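Per-chain numbering from 1; labels A, B and C assigned in written order.
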Amino acid sequence: MEQVKKTAAIFLVLAMIFSLTACGSNDGDSNQNTTAAITVYNWGDYIDPTVIDDFEKEYGINVTYETFATNEEMYVKLSSGGSNYDVIFPSDYMIARLIKEDMLHKIDMSKITNYKHIGEQFKNLGYDPNNEYSVPYMWGTVGILYNTTMVDDPVDSWDILWNPKYEKDIFMLDSQRDSIAVALKKLGYSLNTRDEAQLEEAKQELIKQRPLVLSYVGDEVKDKMIAGEAALAVVWSGDAIYCMWENEDLAYAIPKEGSNKWFDAMCIPKSSKNKEAAELFINFMTDPEIALRNAEYIGYSTPNTAAMEMLDEEIRNDEAAYPDLESLDNCEVFEDLSDIIGLYNRIWDEVKASQ
Amino acid sequence: MKRHWLATPYIVWMVLFIVVPMFLVLFYSVVERTEDGYRLTAEHFHRFVDPIYINVLIRSVVLAVISTIICLLAGYPMAMILASREYSRKKIMYMLIVLPMWMNFLLRTYAWMTLLERKGVINYVLSMLNLPSLDILYTNQAVVLGMVYNFLPFMILPIYSVLSKIDQNIIEAAQDLGGNNFTVFRRVVFPLSLPGVLSGITMVFMPAVTTFVISKLLGGGQFMLIGNLIEQQFLSSGDWGFGSALSVIMMLLILLSMGIMSRYEQESGGGALW
Amino acid sequence: MRFLKKSYVFLIFAFLYAPILVLMIFSFNESKSRGNWGGFTLKWYMELLHDKQIMSALYYTLLVAVLSSVIATLIGIIASIGIFNMKKLPQSIILNVNYIPILNPDIVTGISLMVLFIFMKMRLGFVTLLLSHITFNIPYVILSILPKLKQMNKHLYEAALDLGATPMVAFFKVILPEIMPGIITGFLLAFTLSLDDFVISFFTTGSGVANLSIVIYGMARRGISPKINALSTLMFLCVLMLLIIVNLRMSKDPERRLKSGASKENGRYISSIGHDI
């Protein structure tokens, strides 16, 4: 036993020396040219990672980068106060809620010199009517991504997600607002309804659909659909584009009942300690070259007109990526429903817990 | 030696990081936020009584029990063989059982994700052999499989450790007295190994019933065990009240099972977990 | 019968090792898809080494493991001596509270600490992660040291004082050597537990600070990545090497080794790792 312990002791000393030297060298690295630091809180897989490196190099600002999977998760993290974020990327309805709850700084638009590149149709939207709190990052729709080798019915309606033929071949989004919206749209209701009976009906629809669903997924949906693990998946348009690049059998459709069109934007939460650096970051991200790199890397549609013009013609003319905003008139933008968030939470818990 | 004051720093630490957090969880489980502060409420516990949530609890317990039973059935013979081997082999086999436990358990769980996929390795092999494909990712079976895989060594080792300490003379005596192998096992070996079996059961059941990772990775996003429900309350619904109530319920569940186990342990005559 | 036994052992080991082996083989697979083989490559290892996220996680994992186990051991030594000299009732109260982090499910420990940190308006990050690790480490250290104190001859310390040693000298020359085995066991235990922890870290960290487990969890939730396969291979080889070296050193004294392998001490060690999951 003595021997064991002696050996162990030697190991530990080695481990300590190793990690202390690692510690030393790492500190040296990060202190080299760092004058400031910001924490960025973005969706998973929602940026070209080299863009962050370039920003750090150009401004000498250290970026701590964290990701979230849903708006709700982001909101809980932000409001619980355990972290200080400088730049966040919420969606439309969440921006409205954050503004209402006084959780966002007004952005000094004179610092965002690249704001002029943002298309006019993405300004003055309902969630931020005077363009004071947010700078658009990406936009898109929600629709059905399907594998043409596995689906022979026409995909034009949400009903196909309730078709027993595709039992255990369907991926839904693990995001309460989006999944409940799918059920509401299928029933022909507004996805911003406050009618409790309609929401209850949507809940029943989702519970009815449960046995057909293979899994409620997040970012892994891309990997799974590319690998052909399921026939149908509810996805955000950008993820669909990305998957179609990787697997030619995949196609994307926006059901005829209508869907959700959404806008993700960059905002500065009140907890930010370094608003100037945050604005630098937002301006950097809005630079046409950078916006182009991000759009090309993640597959989502950029609201940055200058960046869009530099895109491959093929992508620019792709109906799935850049549909005419006018033609999406049966698609609604989410409104802030935080006053009935308890009801949403309960419905979602019950859907997921039922089996 | 009047040095009991030396414990003071740790007592302060304990109060701050063990006792206070527990009371905070208890506190949040019975209060509700109102305009002007907090109000006592039983609403969070009441909400749990809904059949949907009770089912989650039952599912967690059932899956953990199934995994424990499988671990016991598969692990006991292994422990016996291990205990009966000649020395040199024993050492290697012991190491081989310990080794996977030292791997990060997320990696062990991840391994099954790659294996079980529809287009994964297992199905690739099956299709090469012209066998029907195995489609169990995102089901109960996958979760149980993940639990058994992760926790099997925790069943084998304590049983092995008790078995290898049994005095061979006792067994020989029993054989000399005319017991056949089965009788010797049933009347002598098994009763003597009970303490090991009990710690094995505890060491498999406890982590299995509280896991949220295995169910998340192998069961998919729709798979709810009580651990997932707690995680969801704190990380995506932001409902600390309900989440705290669920945590209190989970603590009670663990206390209850510990209580049951320790009663059996006393009956079987010692051999505590520690 | 012999054949049956052999095949049973083979089956169990196949079950335990096949998944790890498959991961290791596929870490050299050129093609990203899982079913088929696209040729031999080391590119996933290169990508792994250049992955900033994983390298930073490795750094934090080691840093937190070293710091938390050292601090927990120091606090644990002092506390054990204090607890050992306490009266019966306060002693048993302290020991019972000491058991709470061991018996509590990790998820409950994790969220209760998270609630505490947020309640105290602390920023979740490195400091909170370290505090949490120290908190769940101390109880194991104390439980390793206390039995050694109990075994110690009570009069040794007094004899040292009588012979003119100051209390400090008596502590370092008499008590410390006696309880050293317990201290090392406790330290090792704390170190491994911290290295391997996922659940508690998951709830108590933030601000971009993550350990390896958290990064692996994040990557696994994003789908299958050959980079994780490469990481698994490297980690498996590290563990294997560690075990072999420890084993070679120990095999000088096989009889003892076997005993210790089956001892209760080892049982606790194993169970504490089990608890970690």
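Heads up, the rule we're going with is that a contact is a pair of C-beta atoms (placed from the backbone, for glycine too) under 8 Å apart; a residue touches a chain by one contact, two chains touch by 3 or more.
Treat the numbers as computed from the prediction; the structure is a model and nothing was measured.
Counting hops only between chains that touch, subunit A reaches subunit B in a minimum of 1. Comparing chain pairs B-C and A-C, the larger number of C-beta contacts belongs to B-C.
With every chain reduced to the mean of its CA atoms, the largest distance from subunit B is reached by A. Averaging C-alpha coordinates per chain places the centre of subunit A 35 Å away from that of subunit C. Chain centres here are Cα means. That of subunit B falls 18 Å from that of subunit C.
Contact of a single residue of subunit B with at least two other chains is seen at positions 117, 119, 234. Chain contacts: subunit C has residues 33-34, 114, 221, 224, 242, 257 touching two or more partner chains. Multi-chain contact residues of subunit A (touching two or more other chains) are listed as 77, 80, 218, 227.
Only residues 33-34, 59, 62-63, 65-66, 70, 114, 117-118, 121-125, 180-181, 184-185, 187-188, 191, 206-208, 218, 221-224, 242, 245-246, 249-250, 252-253, 256-257, 260 of subunit C touch subunit A when the two sit together in their complex.
Considering their complex, residues 70, 72-73, 75-77, 79-80, 168, 172, 174, 176, 210, 213-218, 227-230, 345, 348-350, 352-355 of subunit A touch subunit B.
Contacts from subunit B toward subunit C in the complex involve residues 1-11, 13-14, 17-22, 24-25, 28, 74, 77-78, 81, 87, 90-91, 93-115, 117, 119-121, 123-124, 149-154, 157-158, 160-161, 164-165, 199, 202-204, 206-207, 210-213, 216-217, 227, 230-231, 234, 240, 243-244, 247, 250-251, 254-255, 258, 273-274. Within the complex formed with subunit C, the subunit A residues making contact are 1-9, 11-12, 15-16, 18-20, 22-23, 26, 39, 44-45, 64-67, 69, 77, 80-84, 218-220, 222-224, 227. Across the complex, subunit A is touched by residues 50, 52-53, 55-56, 59, 117-119, 135, 138, 220-224, 229, 232, 234-239 of subunit B.
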